[in-house]
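Structures incoming, each one as structure tokens.
Shared between the two complexes below is chain A, which has chain B as its partner in the first and chain C in the second.
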Partner chain A sequence: MKCRVCGKPANINLRSYKTSLCEDDFIAFLEKRVSTTIKKYRLIDETDTPIVAVSGGKDSLSLWYMMNGLGYASDGIYVDLGIEGYSGRSLEKIRQMADILQRKVYIFHVRNALQEGIDSVAKVIRRPTCSACGTIKRYIMNRICIDKGYTVLVTGHNLDDEASALFGNVLYWKKEYLWKKNVVLEGKEDHLVKKIKPFFLCSEREIAAYAIMKGIDYIYEECPFSKDAKTLVYKGILNRIEESSPGTKIMFVKGYLNVVKEKGDEKEGDREGRYCLQCGYPTFSDKCSFCRLLDKFGTGCSVEFDQYG
Partner chain B sequence: MKVECEGNTYEFEKPMQASRLLEQLSLSRETHLVVVNSRLVTEDHKIDRDDEVKLIRVVSGG
Partner chain C sequence: MKCRVCGKPANINLRSYKTSLCEDDFIAFLEKRVSTTIKKYRLIDETDTPIVAVSGGKDSLSLWYMMNGLGYASDGIYVDLGIEGYSGRSLEKIRQMADILQRKVYIFHVRNALQEGIDSVAKVIRRPTCSACGTIKRYIMNRICIDKGYTVLVTGHNLDDEASALFGNVLYWKKEYLWKKNVVLEGKEDHLVKKIKPFFLCSEREIAAYAIMKGIDYIYEECPFSKDAKTLVYKGILNRIEESSPGTKIMFVKGYLNVVKEKGDEKEGDREGRYCLQCGYPTFSDKCSFCRLLDKFGTGCSVEFDQYG
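And then the complex of A and B:
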């Protein structure tokens, strides 16, 4: 196969775009899609100071790298879940990238704040590890922005993440979540930071290819708890459909965004917003779930961040 | 050729196309990328006997 742009041997075949490209032209092609996404959906403007949520995986490290390359200078935030071996190896990859980008990364150690790793915390509160992890990550990533003055939280969610989540929400008609996904989720002043997903329209395959071409050293192993069986099953099914009908995933997700846009006008009345009396985070009661964790496990210290770079 | 995939190493004697190699290991081109001598290649790429091949899984947990 030849590169459609320059005629050199192609390095990747993109069946959903009916094209094949060499390294240089693929990198340009993917970066263009991301910068178009950023502009079209008004993800970031000149006055913003973005911070990227990094995990050490291919998506977040590629995103952090690309953002800085595209001129959106961004620091990073990493939540160290205290998982034996895995967390340390992830942090190593993140430090490496911080050095390459010459950017700062903040690190929140769950073990320091809650005296336990994520698995023990989850066990005590009788929640699945991934759900406790989600609660803590969402909270801390919001908190860093409020504490340090970042105006946009950038996450590495990709097309396959969105398509599989959407697929699951449709299968079980989870109406309460179904229409809530988007490339951008607006914030609430002083309480909730704006969240954006510049990789919304980029597939895992494309991002992995980008990481390989750019020599981005990411953690290849999976989080030992992330065996979210359902997500993997949905991704597998969607990839099988993609194999026989290229372009299905991107059509599914783009179509969804169009419907969300149409629905935008019939705005549902926001449920009466309440905020945690202790920290100001949105909650349905007096105290948010993170502050409740701090009460149970914490040392009474405030939330603190390490800093690297 | 030496083929590395998910911590396993396979040896193949004859040269073959990348797509054929994926088939042999029951992998899909949607979920695995083929890297030959540190370069990403398309599925019609002919892999030679003394090439070093890595198959990279692109799907991650969520």
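And then the complex of A and C:
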């Protein structure tokens, strides 16, 4: 197996591209791919100030690292969910990367705000842990962006994440989600930050290889609450199809985006300009789900966060 | 395991309906399901004269049997592909059923018309066997319906067939097929017969159970050329998902039909009223693909078929 570019021994075989590459050429290839994705899909404008949502895992840390390397100077945001033996170690990896990149990272501690970790919070509000986590992360990340003047929230969703979520939405034709996914979710000035996913065409395997080649120190374990059986089943299914028909995952996601485009770019949030009476941020009802959550903990509406770097 | 209806020992467990049934109640259940499908989706009008496309397998023979039992008196059509050791035995099963039902069956012999079996025909026209078979079957069945005055061609496609075909279309977002599938494919008077699939909500397993319970003698082997690896892979995948989430296949197919409905009932054949200059039947170009096939065999345009019963 030789590198298609330089002829040296290859380190990775990319079946969906029918090519093999050595370490240096693979790094160049993946960075080029992300850079092209950002330009082709117009993810970032010249006037934008991006910030990366980091978790400490391979995807978000690789993305943060790569963004800064590609000239998109970006700070980070971390929501510390207060999961024992997990959140602390994730934060360590993030601080380490902040030092390397010499960038700031904003940190919101769920335990400081609510006196509980995410699992107890979820129990109090009687919601699945992942659902409570989503509510908090979406709110806090958006709020930090707006408060601090960042115009684009960059997330590390990769091809496998996108394809498996899409798979679930298509299998049950979930109208509330199906045509809403996109590479760019537009924002609303002063209220909702634009969200982008520059890794949406890069597979989990490619990103893991990049992280290893670049010596990026990330937390290997998945979040202990993230064992969503269905998503894992769908990822497994798609990997098996990919194995026999390389390129399927990319075709599945790209084909979907074409259909969405033809349907006329449905945007996120049919929120009809409604804003939370308590905090002023976008909502579907009088009070946003985050403020309702805060109410249950009697902690008022103040959102405080740390800053590192 | 007891029958939910009568309390006697159950013969079959239907996980997607969360129920178990004895033989008699299962037969009543499946017949009711098909009868409701026909009415709810308006598959057959009072003035219609239906005819069933039979292959000798469990789906088409069960359907033919059930249709006549439900009061939809139907003859049959069989295209004998001239596959040694297979087509002859299929025809035997069909004749047997024609005798039981006391109905006619029209038989087109590929070997009589083209002096070759389907595999050689496919080689001559340089097409995959299943593709050549599709061209011939579509043409012949339509032509017999029009010539003989049948207004609905009834096919035995079951839930697994529909779900797996849909799966492949969605996975690659095949626009040429994706929104064209439906329970009824409308015809065009004097040229294109209406096509319906009354079994589209009945699983392969349910139909096989019905055939066994009713003592329907069908050919067990699949067509030796039908080993479409992809369809089998998709069926396997859907069965595994169904196993852990019963009801998924039905939701997948029904959800799709809802989307198609919302899109405004796209009909089969954007043939813009073009008709073959040679035979006068619908086509995409000057000459239809069946006439072009006949040309290669120098057999002219006459289509002759046998009649049994």
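Everything below uses one rule, namely that the second predicted complex is superposed on the first by the 300 of 309 C-alpha atoms of A that agree within 3 Å, B and C clash if a C-alpha of one lies under 4 Å from a C-alpha of the other, contacts with A are read in each partner's own complex, and residues count from 1 in each chain.
In this text, contacts are C-beta pairs under 8 Å (C-beta built on N, C-alpha and C of every residue); 3 or more make two chains touch, one makes a residue touch a chain.
Because the structure is predicted, anything quoted here is derived from the model rather than measured.
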Partner chain in contact with A:Thr248 - chain B first, chain C second, else both or neither: second
Most chain A residues touched (candidates chain B, chain C): B
Touching partner for A:Leu171 - first (chain B), second (chain C), both, neither: second
Partner chain(s) touched by A:Gly57 [first = chain B, second = chain C, both, neither]: first
Contacts of A:Val259 with chain B and chain C, given as first, second, both or neither: second
First (chain B), second (chain C), both or neither touched by A:Ala209: first
Partner chain(s) touched by A:Met1 [first = chain B, second = chain C, both, neither]: first
Touched partner set for A:Lys18, first chain B, second chain C, both or neither: neither
Chain B versus chain C as contact partner of A:Val233, first or second or both or neither: second
Which of chain B and chain C A:Lys32 touches, first, second, both or neither: neither
Doubly contacted chain A residues - partners chain C and chain B: 240
Touching residues on chain A, where the partner in the complex is chain B: 1, 10-13, 20, 23, 57-59, 160-161, 164-165, 204-205, 207-209, 212-213, 220, 222-223, 226-228, 231-232, 235-236, 239-240, 242-243
Of all residues in chain C, those that touch chain A in their complex: 170-173, 229-230, 233, 237, 240-241, 244-245, 248, 251-252, 255-256, 258-259
Of chain B, residues touching chain A in the complex: 28-31, 33, 35, 39-44, 56-62
